[in-house]
Every structure is written in structure tokens, then in C-alpha cells.
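The structures considered in this document are given below.
Here come two complexes built around chain A, the first alongside chain B, the second alongside chain C.
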Partner chain A sequence: MSWHPKIPLHVFVFLVPGVLIYTIFSAWPLIDTLLLSLYEQDDSGARHFVGLANYNILLFDNEWSNGFWNAMWNNLKFFVIHMLVQNPISLLIAALVSNRMLKGANTYRTLIFFPTLLSVVIVGFIWQLILNPLWGVSETLLGYIGLDDYFDAWLGMEPTALITIALISVWQFVGIPLMLIYTALLGIPDELSDAAYVDGASPRRIFWKIKLPLILPTLGLVSILTFIGNFNAFDLIYSIKGGLAGPNFSTDILGTFFYRTFFGFQSSLGSPTMGATVAAMMFFVILVAVMIYFYLVQRKLQRYQL
Partner chain B sequence: MASVSLKNIHKSFGKIEVIKDVSLEIESGEFVVFVGPSGCGKSTLLRLICGLEEITSGVLEIGNENVTSLSPRQRGIAMVFQSYALYPHMTVYKNMAFGLKTAGEDKSKIDQKIRDAAKVLQLDQLLNRRPAELSGGQRQRVAIGRAIVREPRVFLFDEPLSNLDASLRIQMRIEISRLHESLDCTTIYVTHDQVEAMTLADKIVVLSEGKVEQVGTPMSLYNEPANLFVAKFIGAPAMNLIQAHTKAPLEDNEPRYINAEISGKSVRLPCLSYNYKDNQNLTVGIRPEHINILGEDQKTQILEEDLQLPVVIDLVERLGDVSYLYIHMEDGTPVVVTVSGQSKLNIDKKINLHIPATKIHLFNESGERIM
Partner chain C sequence: MKQITTTLSAIGLVTTAFMTYAPQALAGDLSIESWRVDDKSLWETKIIPAFNAEHPNIKVKFAPTAPTEYNASLNTRLTGGTAGDLIACRPFDVSLDLFKKGRLDKLNDLEGMKNFPDVAKGAWQTDDKATTYCLPMASVMHGFFYNKEIFKELGLSVPKTEDEFFKVLETIKSKSKYTPISLGTNDGWEMHQIVYTGVGPNYWKGEEGRQALITGKAKMTDPKFTAPYEYIARWNPYLSKGFKAQTYGDSQNLFALGRAAIYAAGSWDIAHFNKNAEFEFGAFYPPVKKSGDTCYISDHTDIGMGINSASKNKEDAKVFLNWLASEKFAELYSNEVTGFFSLSNHKITIKDKVANEMLGWRNDCKSTIRLNAQILNRGKKDLETTFWNVGAGVLSHTMTPEEGAKKIQAILDK
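Let's look at the complex of A and B:
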């Protein structure tokens, strides 16, 4: 061969479709959003470049920043509740259903995964009915076990609304980390637990000392997926609480905050440029968290050859 | 070190009975090999002794103590798994320490035991490595080391060499043999490889379909297989089996002989006392190395009752030290003959086989040995 390039031409030919689709539908919209956040739109619809002024307003102008930081703080709580409730529960259930002795494991798995298949709108609607203090069934159900005194209009009260919605979200999505962890647990050869059992370890010790360390990378992955999912969340809160994320913005997270900013809500007008600024902030928060996670955590979690 | 005794052990998975009434005595310090084709229940039997599976019925005793319902740790056994089952996230040292730590032993004591075992198994340099950084043979040694430090009463090995390549397998076989010699610990070893069984065992247990076919020293199994199954299973190349059927006894018939017919030829076969009727099926077994080729070996002495069969050579395999002749008889029965040295015989050559009567194994219709 006389002509011998370092990278053959056909490599680029094969790359073109993927790069093209990714650019048009993913990379360009993102870049466009980031660019838009650097402009201001006046009443006539004309846009002027204003640099980082929008960010300045969002983060430091009280009129905007109170709402933004409230949403940020709520979102963090939303995430923490998922980390503390959803992931430990899925780990526990995964450990239980991966037990060879358990009969009907497939049925449990399917049932627990089932709510994930439901539409968020339906889930929001159903739970709103269940928890309704006037005609909901929860007070009656709690009454059967003598706990009706503890019932309250949880969705309507500032201190509990966000927690309640987060728990509804946990109920719906607990199946996804469950599946990931379950698969990881199944990937651990039976002979390993057999060997540990012969070594005299109790099932609990086998779980903590053998199985858990081997699925740590999956737990890491589950955590970061939860973070990304929670900081992009919007639909459940919107379907239960609407765009105002009441009561008194106590369930407002970045997704709903962005929605009101971009599209406007009720009497307030939307602002594409400020909306883009909020969207960009959401992007940066997730980006930074994922980067920190990958550099500090994932690199240290070794996947072991099983 | 302890004796192991199995009394009428049964094991069923649901309705399927996989171990059918196995009784076995294993003496203290003995090296016993369970051998059999895949699916014969040998691994299940080992897992029953280990305590990884529950015994459906029967009694298991280790050191004259009933351990049927005890956990593996209480039974005082250690097991080496086929895949080694090393904990991937732990170093060699921690792998070996895990069982001892679980038992709550003293740290300095654990350290001493691991150093000692590591020295015996030449693992000193590898203690800080993880299993992924070890070769197959090294992993095997770690798995053995993990068993040794526990100082078990009985060692169990579940096909430990089947994941190694051929040369390493021979090397590890010798190491295991040497280790057993020095530790003098009761060992039960499962394999499907009869060469491993023959070379390692004090006593071989041949299993088939959940039942014990025969128990004995390697040579007794080879020389006097109790039935057709053992005859076929022990020895490579396998024993030749030739179909025959009985003919009515003659007036002058001696009780030590059976009149029979092999591919249309009348023969007299030596036999232990056996009441036989006309036209019963028999199987004549003869090991490949016991067949002579007439005209090739001058020293062959032919006795009256020896068999002589005309055959044709299908294939010759020359391994250098021995040659295998693949042959078919007139009725199509395949026969293998081992000849020492490099045979000069060629394909399609017609030869006469000489089968010495003293070397014949004879099996009756139900496959039991009658000679």
C-alpha cells in the first residue's frame, strides 16, 4: 500500500451518523441553552448579550435567589430522603429476593418493580386520593391498626409535604435500584458464599464481608443515578402540587422552579433567558457532583473479577 | 484427623433422589477419591459431607460423633472448591485469615498459622496480592492454604484440578499427594478424571446414578472390577467388551467353564461357579494391554482355552512409547489393543488376536462379575 494514513478514512465514515445525531439532538441544545443564559430579552423580543448578569441576578438578587436557593435546598432534601430510604430498602429487598431459599422470589420482584411501570401522573393522582383527609382511605386503614390519631393532611402541610412526595417517589422507583443490586448480587458465584459458610461465617457476616464489598461499584452507580434522577425531577411534584409547588413553595425543587421561570405560571410571565440560566445551573450542579463522584469515589471502587 | 462414616445416606431434591442409600467407611488419615461420570452424585455427596446440603435421611459421623445436623464449621471440615472460590476483594493473607477471624481467634495466632501455611505452599511472596493477580496454580494453592490454616479434621476437594491446564494439573496432583503425606489428614477428593483417582487415592469409591458401584484400592478396581460399569470406567483406553452368549452345558463340562459363542465361534470361558442356562447374554472384558497379536510376539504361549479372533485394523495411533490399534471384529465389535513400542502394523491389515483366558473378565446378564 502506498497510501497509508494513521487513521483510516472509513473510521470517520462510521463515526459520522452517531456524531451527527448526538450533536443535533444532545450537544447543540445544551450549548444553545448555555449560550441563551448569557442573553437578556427585552419586551420587543430582541436579545442582547449581557454576560453573566443573569447568573448574578439568580444567585444574589433576593427576588430571584430566595426562590432558587429554596428549590436547591428542597432538592437536596429530596435526594437525601431517596438515599436514606429508597436505596437501603432496595438493598434489603434485593438481598432477600436473591436468597435461593426464598420461594416466589420472582413474584415479589415483579410486584415491587410494578409501580415503576406506572405513569407518574397516575401515581401522583392515586396517592393524592389515598392521602386525602376527606375521602382518602389511609385514615381508615391506619384506624385498623389503631394509628389513626397520627394521620394528618401530610400533603397539605409545609413541614411534611416534601417528605411525603419524596416517599411516594421512593415507593414508585424502588424497583430500579432493586433490579440493579439484585443483578449484581446474582453475579456473585454461589461458591463464594458456600466457601464463606464452610469457613464458619453466618449469613449476616457473609452479606457484610463478602457480598456487600463485591457490589459496592453497583451501589455507587445507584447513588449517582439517584442524584441525577432527583435533580432532574419535576413530573411527580407537578402532577401532585402543580407548578406552584405548594404549600408556600415547600415542595419546590429545581425542576418546578425552572418550569415557572421558563414558561411562566398563572399571572407571571416566563423568561426564556432566565429559564436557560436556571437550566444551566441545574446542569452545572449535576455535572460537578458527577465529576466529584467519579474522581473521588468511583475510581477507588474496584470491580473485582468474579 | 478423624474417621468419616456414612450410614444409609439419602438425598432428594424434591422428588428426584440423587443419592440412594450410600454407606461408606473412611478411616482416619485415608485419601479417598469419589469418582464417576458427571451427574453421578459425587459432588452432591461431598456437599452432604461438607454440610452445604442437608441430608434427607441417614447418619453422618465424623470421628465417631454424629454430625448429621451440624454446620460445616462444627463438623470441623474444610473444602477446596472447583473454582477455588477465593474472596476477590481480599488479599491472599485476608483470604486465609477469614475463617480464623470468624472463629474469633487471636490475631498473633492467626498470623503465625498463615505464615506457616504460606511457607509450606510457597505463598510467602504472594500474601499481599489479590486473587486476580495470581496464576491458576497459585490460586489453587491459596485455596488449599485457606483450608489448611483451619486445621480441619477432614479435607474436602471438589474437582480442584479441573480448571488447570494439563501440565499444571500433573504438578498440582503431585503437590496434593505430597501435602496429604505430610499433613496425614483424612481427605475426600471428588474428580471425574480417573487418572487423578488412580494416582492419588488410597481408596476409590466409584459412583453411578447416586449409588456406590464399588469401593477398593485403585489396583483392585483395575484388576477385579465388580461390574461392567466399573470395568468400563476405570482404565484408559477402556476395557474392551465383547458380547457372547452361553450354550447348553456339555456332558463332560467342568464346573469352572462356561460354553459360549462369540461372533459365531464356540469357546470355553473360565468362570467362577455359575449356574447358567442356554442362550444367556454374557460380556467378555479384556484390557487393551492384555491382548496379544499372533505372529508379532514370538514369546506368546497359547493355551487351549485362550481365545483367538481374526480381526482387521481400522486405525493405528503411535504415541512413541506405546501404540493403540483400533480394530473391528468380524461381527463389527470394536476392540482396542495396546502394543508397546512403535507398531509397524498398518491400516486394513488382517491379523489374529490372542486373548489369554487368565486375563479375561466375565460379566453376566445383569453386569456382575463372574470371573
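Let's look at the complex of A and C:
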């Protein structure tokens, strides 16, 4: 005799709103996008099924693939800059503000987190003004320390534009990894560091050998969140450089490439089906990265019961 | 359980009802789609009231979108069924595409159409010239503005030839603290639409070169198309220090504040400087190579108006378009929206001095339109933006004229 656990009806009732909202606004649009990328639209607006032809064009036809790989490459650089600058800085600041000896730690924390609360449009506008070679304050400020000869129109030059925007983004979002790491550090019981201290470990050694290994899972999480955030990024570049992501597409990342493909730009008309293909590629890139992370990294991380 | 399914289907119905609901204009209301954000207050305070003086029952709303966003967002709204009744038409292929997709109505029978010459209608007709789908509104012209006070201070006169032009630039650079030319490469479009297609016709002989490029007899790599790029590249030392990050707005401000002597201008800038510049400024057309050469100007049929084929209020839309074809509108528009020149046959007088001066170029020089506006863009999604990037690259010396021309020709060859 088999035994079926009877699930009470009200469980379904409580699940329905969530499942319904998630399906309508998240799962269905995603599936629909993936489906749309398999179609082609002709001049009259009619769509017909073309299989993987769009992906073939996007990845191998020069007219599309040059732009796509350029965006992909720039996006990777964008991510690497965040990993090298944003996350180490937030780790450092988190270690500093979690120090009980530091006076005014809460104030620092709030101030550093503050830019995250600003609208991207405002951040883009402010930094564009600060760095503006005609009326910006940065040249004058650099002049006070004798560095004004090094000032240039960083946002307008191909080698520096992407780095500059990435650093602006770091400035804005450094608060989020800071908060995550800070909370993780607070979760480490004082007894551990006290005991190490009694055993003669220096504060630096306590940090590297005891605290850092304990917050590794959080650092992994921060990295994967940075990856997802960067490969979905769009707004800051759009607000500073517009949809064309100039100069000469040097700040073009997947988000802006998608925007131009889907909505069109100036005299090039948008193509919903090609746009869906780009969006699907973005989804796959993120999916693969997250999968690699979960299977290869997250599972192997050792967790300690504190 | 039954009760739950009924509730659920009720929720479903309500959701569908919300999803299919799209804002629709009431009869008697008209909404205009346009990219002329700068003209919003003029439409609201001058043009629409003038229309309402004759047709008090039709309520008109002017709802513009930023120029670089216009085509894209208009397309989205047309597809979604939320676009306005009247659509400002870009010239040539962009609007032709809308017409072919059935988004714009045929306007052959519109009474006001008879007030426009064929040249004007040509920008909004099918290739066989049989069908017109937008009413021509205005053209724009391209050239240079100069700050008369700075020119007087430095004892300069308006340059007629390229040699004189560079002499003027050199004098401004060496004898004063003013920026010789206010121009930046950040936005890109002005590098092409104002600069390259503005000064280039002198080299490719206007229509002659443009038609040759369309028929394929000429190539972008020909000297007549690369020489203008070489000429533009020579402007580099006369720009402001940070011109690579200088936006179009920055360029306007630099000139309006009197910190730059010359500004590469479209006629639509007149209105902006009339409002914001406190000095007197004049205009000159692109200097020719040798004195005595025929001058060519870019006199571009820029803006038309068509009817959204999904409009609920086509009768009133037609009334409005016929009013746009009237002499009263031609006079009002050319004078209020300074720098846009009505395309109708009516004899009108323009009060603004600079606008009048520019209009006078039509008598001295031969007119052409922007190089790649007609036919060339078809099926070439990145031609226009490549032109922008090449213009910007050539001016900032990150690309040679030959490299740039090759890049463009490669797209044309596809």
C-alpha cells in the first residue's frame, strides 16, 4: 500500500500569487525571448521560423559579429576592472570599518554606501560634468597638486573611455560588496580572534589566516553578483555616452549593443528578432558563468560552523 | 476548488483587459510625434494657438522625443499602437520604410499637397514618385556661424576660400585666447550631418557626386570623397583642448558664451543662439577651394508630417495637415522656428537676419542634400553610424581619411 502525503489545499492557494507573478513577468518573457530569437521578421512585419540562423549571423557574419565580439570583449574588460578595483577596495574598507577601535565607522559606511542610492542618470551627469574638459572641475583640482598636465578628455578617447566609465561604476557600486563583506565579517565571533591574539598572532595574520577564509563564500557570492551585474550593465554607459557608446564603439558593451539592435539607432531600424538573439546570448553567457561558478567553485568552498 | 478557478479566471480576465488596454486619443484630439524637442514651447505657445484660432474644436498636443531616440521609440510606439496621430517624417528611407510597413497613410489626395514643388515632395515619395506619404514641412541648411564681435576685435573678414579660412583660424589661435572652431566629437552626428556633408559638396560637386555614389559610378575612396576628410583633419589644431569629450551641447555653449569664434552650424541653431548668445553673429557658407569656384551647400529636406494609419482621428489630422500647407503656417513656421525653411511655394518674408542670409545662399550656390540620405542607407544598418565614427576619427586623428573611406566603401559594397 503506497502512502501519499496529503498536501493541504491552502498551500497551493498561498503559492499561486507568487508562481503567477513570476511566470507572467519573469519566466514567460524569458522563454518568449528565447523563442523569438528563432524567428525572422520581414518588411511587412510577418515572422517566420528560421531555426538558429540568427545565431549564425550574430556570431559569424562580419556585419554583426564584429560589433558583437567587440561588445563582448569590452564587457569582459568592464568586469575585470570591477573585480580588480571594486572588490579589493570594498574588502579593505569592510575590514577597516568592522574594526571596533575605529571611531565613526557608521558614518564612513553610510557615506561610502551613499552613491549606490543615487540614480544612475544623476551619477552619469555629475561625472560627465566633473570630467568635462571645458567646464569640469577636475583639471583645476589636479592643478592644485601639480598634475594638470596629465588631464585629458578621458571620456572621449578610445583607450581611456571604457576604463573611466568602469571606475565611475566602481565609485557608485562599491557600497554593495562592502555591505555584504562587512556583514560577513561581523558574523565571525570575537572569541576566534581573541584566542588567536592570545596565541600571539598579529592583527594582519588574524585577518589573512582566520577572517578571510571564513568569508570566502561571501567573496565568491560578491564575484558572481559582480559578473551578473556587469554583463547586464547598460544604464551608466547609456547615460554618459548615449546609445552609440562612442568613441568608435570603444565603450560598447552587450547591454548597449542589445539596445541598438533591438530598438534601432538613428537611421538603422531595430530588429526585435535579432535583439532577442543578442538578449539570449547575454542570458547564455551569464548562465554558463553562474553554472561554472556553482559546480566548480561554490561546492568546493569549505564552510565552517561558527 | 471550483470557486478558486473562477476567481483565477476572473483575475486572468482583468489582467488581459489591462494588457490590451492602450491609451487612445479621443475624437477631436490630435497628438504629434516629433524629434524637435527644442521647439516644444514654440508649438505650444505659437503654432497650436494659431491653428486653434481657425479650428477651435481640435485639441492638439505636441509630444516630442529626443532626436537620437526618435526613430527607435517611434517604431516601438507604432508597433504597440500607442503612437500619436500625426508623425513627423524623417526624409527618404526611414519614412519610406514606415510607409511600406503600412504605418503611414497615402496622402496623394490631400488638398494642400498642391502647394509644394516636386523637389520638396521627393523626399517623401515612393521610388516611382507615384505616392506621397508625408507633407513636406521644412528644410535645413548647413554652414558656419561666426561671432561678429570677435571678428571685429581681431580685424578679420568672412573667409571665402579655404586658404582664407585657415588664415582666419590661425589668426584667432595665435592672436587671442578664443577657441577658433567650436566643435566636438563626443556625439558624432554633427561630424557627419553638419561637417562632412556640409563642406563636402564643394568637392564632389553636390548632386553630381551624390548621384554618382548612388549609381555606383563613384566610390567613397575616390579623391572627391576623401579630400573633404583631409580638409577636416586639418581643423584639428584649431579645436578646444578637450574636443574629444565635447558634446554638441558643449559646443553650443562654448559659442554662445563668446569663447569660440566660429561654430559649425546647422540653420536650426539660429533659434538657440538668438535666445542664448548676447553678441551679434553672422553666417557664411563653406569656403570654396579657389576663389571663383562654384559653391555648393547642403540644403536638406529635413522634416515632413504624415498620418499614422492607426489613428482614430484621421479627419481632424487631415484638417491639420491642410493647415500646415497654408501660407499662414509657412510664414509662421519659418519665422518662429527660426532656421527651418518652409518648403511650400508661398512667397514668404523671413524677418530674422541670419536666417535670411542663409536663405540667400540658395541664389549664390547650388543646393544638394546630405550625401547618404537617399537610397544608400537601405539594408546597410551601420552606414550612418560608420559615417559618424569616421568623421569623428578623422577629426581627432585616430583614423586616416583613406582608412575611413575604405571602411565606408566596404559597407556600400555589401
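The working rule: the second predicted complex is superposed on the first by the 292 of 306 C-alpha atoms of A that agree within 3 Å, B and C clash if a C-alpha of one lies under 4 Å from a C-alpha of the other, contacts with A are read in each partner's own complex, and residues count from 1 in each chain.
The definition used in the following text is that contacts are C-beta pairs under 8 Å (C-beta built on N, C-alpha and C of every residue); 3 or more make two chains touch, one makes a residue touch a chain.
Nothing here was measured: the structure is a model prediction, and the numbers come from that model.
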Scan A:Arg205 for contacts with chain B and chain C and give back first, second, both or neither. first
With the two complexes superposed on chain A, say which partner A:Glu191 touches: chain B (first), chain C (second), both, or neither. first
If you stack the two complexes on chain A, which partner ends up touching A:Leu244: first (chain B), second (chain C), both, or neither? second
Looking at A:Leu134 after the superposition, I want to know if it touches chain B, chain C, both of them or none. Which is it: first, second, both, neither? second
After lining up the shared chain so the two structures overlap, which partner does A:Leu214 touch, if you call chain B first and chain C second: first, second, both or neither? first
Now for A:Tyr304: first (chain B), second (chain C), both, or neither, which partner does it touch? first
Does the superposition put A:Gly143 against chain B (first), chain C (second), both, or neither? neither
The intersection of the chain A residues contacting chain B with those contacting chain C is none
Touching residues of chain B toward chain A in the complex: what are they? 50-52, 71-73, 77-79, 81-83, 85-89, 98-99, 102-103, 130-132, 146, 150
Which residues of chain A touch chain C in their complex? 9, 13, 16, 20, 24, 43-45, 63, 67, 131-135, 152-158, 241-244, 246-249, 263-270
Considering the complex alone, what residue numbers of chain C touch chain A? 1, 4, 8, 11, 15, 68-69, 71-73, 75-76, 79, 90, 93-94, 97, 100-102, 184-189, 240-246, 250, 253-254, 377, 381-385, 388-389, 392-393, 396, 398-399, 414
Write out the stretch or stretches of chain A touching chain B in their complex. 189, 191-192, 194-201, 205, 209-210, 213-214, 302, 304-306
